[in-house]
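Some structures to go through are shown next.
Here come two complexes built around chain A, the first alongside chain B, the second alongside chain C.
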Partner chain A sequence: MHDDELILGGHRFTSRLLLGTGKFSDAVTMLKALDASGAQIVTVALRRFNRERSEDDLAAPLLARKHLTLMPNTSGARTAAEAVKAAHIARDLCGSPFVKVEIHPNPHHLMPDPIETYEASRTLARDGFVVMPYMPADPVLAKRLEEAGCASVMPLGSAIGSGQGLATAELLRLIVRDSRIPVIVDAGLRSPSQAAAAMEMGCDAVLVNSAVAAAGDPPAMAAALARAVEAGRAARRAGLMDRGDSASATSPLTVFLTARPG
Partner chain B sequence: MSGALPDELDPRPWLAAPPPTAARIAAALRADAPGIEELRVLISEQARPWIEPMAQRAQALTERHFGRTIALYAPLYLSNYCSSGCAYCGFASDRRQPRRRLAPEEIAMEMDALKAMGIEEILLLTGERTPQADFDYLLGAVRQAAQRFHLVTVEAFPMNVEEYRALTAAGCVGVTLYQETYEPEQYTRLHRWGPKQDFAARLDGPARALAAGLRTAGLGALLGLSDPRFDALALYLHLAHLRRRFWRAGFSISFPRVCEQAGGFAAPHPVDDARLAQIVFAFRIALPDVPLVLSTREAPAFRDGMAGVGISKMSVASRTTVGGYVAAAPPGSPGQFEVHDGRDVAAFTAMLRARRLEPVFKSWDAVYREAPAA
Partner chain C sequence: MKLTVNGEERECRARTVLALIEEMGACAVRVAVLVNDDVIPAAQRADRILKEGDRVELVTFAAGG
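Moving on, here comes the complex of A and B:
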């Protein structure tokens, strides 16, 4: 029995590394990276489902791997209404209750729309989905999404595909401190050390795509990330030592409080 | 009736700057937040020897934002009737061309042929507005396309907001409208007669389309008509201007250049392969998250080399003759321009895969547009 499971909407997982499936040079590399990552949850965009041309379809090879939980995402939606429609179609197609709500109305910088994301998440939670919203690293929005019935929150570390790492670290700390649902850092990570840092600061999991797909050797990078996530999680559980100056002050300042009158 | 370039699109202040030094070029390549000044530097004559480091940077940026993928689309030429006299175009109204427009049954057959090739993004093309190929004709073709393809866009004549709104309701997602040249005087010289003489109406077309609810606008200049630096900088300013106004819109930039066609027009400012590549790389560096498009106008070797190196989207298996997908073109019927890359889908995608690039046919889903009226 694994003593440190990630629980999302009542579903239990042992891996804390989630993988995105776009941007790979081919499906074989993507699947190899997936195997090397040990990921149990993968996200795939509904817009990359293609039932009419198998070699262009990202969903079918993933559905064939029965141990995987598919988390369709609504990338391409600009509004809550579009995302809700897409989520229902994706659920019908692949049978997974999970949905990654991804609403970035600007197709260039891909920043999530907090208003539409909130509306869509609330509706989909009511419709019985396991809702995983991709969101700006905003501690207030995180609590609002939690109250709306989301299974997790997925704040961004930095812009999608930017590789800028944990640019939002201070905001992520506030989200982690106050959250009652798992916090998954999604987007912006480039390296295993950044993934480990996210886990050390208390995030429950990380989701990566570009960091693997755009690496020199995607399967090897997936394996490295998996180990970093495990190490970061273990470090968090072990408890990091306090950070301080290299030595403590040499001259106590409060001696006068205990000194006896002479 | 032509019109001037509005101040915010006028590249002359940048063109007037002194030529960049080597140090300035190196700095532009490393810039954290490249903008028009870096674009000016990188498209300069002085930057030509830097094309290899520019290519390296362009490839890294393309891979980071778009992954190891190339989005594919196919054009469908609906009609080659035209009412304009563009000096550089093989379909201009004074060219002795067999004129033809596809009837709805023929459109269906062409679309079915494209669909059978795996195409999911289709670009519908006409010339300028004519009685044979007017707005209602185009609207009908959009409706037919929306029943078959996930992503439908048009490249036709500039329209008014109501027309663009009707296209959106019919299932059209985007519009491509090249300004051809942003240099107003040259524009006037080259557009000898017809509705396309209206420089301002064309320039403002993408804004009308986006205001009407279309999601994407493809911009471009036909390189070779004017000083390519003028057109490249004005194109950048056009995009920057539209991006501030339409924050939800997607933009792409294409890089057509003047090539041989009926009428024997010679480019006043020829753009050779190295120059075109330099311009593409500079745009990728200045606009790392904007899709950059290369069509089958270009030869296979050039297309192969540019795939993923700045370029993130390409047309495939194009036929630029009307009715070209079903019937082999009758002898003596040239297209609007020569297709230099005549490879079919299988051959082209095999090349991409050999370069470790995944061809993506479907990168959009019809769920994200309003269902067209049946």
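Moving on, here comes the complex of A and C:
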């Protein structure tokens, strides 16, 4: 729907499904899934160049897809300074102004460091990046990041790769309620129904990776997720019915079908 | 000269950043280059002279979410 664009830092998108490129069994499957998803924003990470691994040239097929915007993440950074450095390296590599600020020091839970994330986001917003911070689902932090100049906030649904879904649903609702910038649920989603639920509760987009990469048929799952995001968004715009404590009949209750005695 | 490239000390023939990229087999791949923490944009690589002991990082994209 071109009258319902997602606007991030002035850039306009029609797809509300963002996709990560990690954990796919191979590059061909990843590209098929990406194409099936209709995603226009795709995340990548950074690594040291290694001559023996040069067959993994990820950039070329992604840059060849002209409808795609690359969103490098700062995964591996443990501090704001490292994340800022990673963002500048990534911008030199591909020219994209987008950066996913991703700072998670503990590999067991991969929860984002709120303090380093805030510091990095503030610096990078000042440096002209379109800052997309991966954050805990904290409504106060969300407003601080908005005030710091981020283009969106990306609160987690649950731990990265856990498939635990929208464990933070009530916090997400609070974030959505007060946010003046797009809210993109990022991490922990497992299924199209969860993606649709996130959109129904008012989130502006979802970012998935494991839900597609670890699915039995990643391209098929990517297509299903795309439909779910569209359905959830359309439902939100159509206005869901109220939820009640008791029944509310939809058919007349007039009694005329009584059986004759005898 | 001795350089540290991607964390490893090595003896390199290259004298410029561009020559080092070739020496490391990174011509065909999009890489970012840092010399002592400074990003060296593509336009400057032919002219940037390397010094003994410089720390060089060659960075490329990886799959990630």
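Descriptive notes on the structure:
Heads up, the rule we're going with is that the second predicted complex is superposed on the first by the 238 of 262 C-alpha atoms of A that agree within 3 Å, B and C clash if a C-alpha of one lies under 4 Å from a C-alpha of the other, contacts with A are read in each partner's own complex, and residues count from 1 in each chain.
By our rule, a residue touches a chain if its C-beta (ideal position, glycine included) is under 8 Å from a C-beta of that chain, and two chains touch if they have at least 3 such contacts.
Since we're looking at a predicted model, the values are computed, not measured.
Contacts of A:210 after superposition on the shared chain: both chain B and chain C are touched. In the superposed model, A:108 lies in contact with chain B only, and not with chain C.
Of the two partner chains, both chain B and chain C are touched by A:89. When the two structures are aligned on the shared chain, A:59 is found in touch with chain C, with no touch to chain B. In the overlay built on the shared chain, the residue A:73 is in contact with chain C alone; chain B does not reach it. Of the two partner chains placed by the overlay, only chain C lies in contact with A:44; chain B stays clear of it. Once the two complexes are overlaid on the shared chain, A:22 sits against chain B and chain C alike. In the superposed model, A:121 makes contact with neither chain B nor chain C. Comparing which residues of chain A touch chain B with which touch chain C, the overlap comprises 22-24, 27, 46-50, 56, 85, 89, 210, 213. Contact residues on chain C toward chain A in their complex (touch as defined above): 6-7, 24-26, 28-32, 34, 37, 39, 41, 57-65. By the touch rule above, chain B contacts chain A in their complex via residues 63-69, 115, 118, 120, 150, 215-216, 243, 247-251, 289-290, 353, 356-365, 367-368. Chain contact summary for the complex, chain A toward chain B: residues 22-27, 46-50, 52-53, 56, 76-78, 82, 85-86, 89, 105-110, 161-163, 210, 213-214. On the chain A side of its complex with chain C, the touching residues are 20-24, 27, 30, 43-51, 54, 56-60, 62-63, 72-73, 75, 85, 88-90, 92-94, 160, 207, 209-210, 213.
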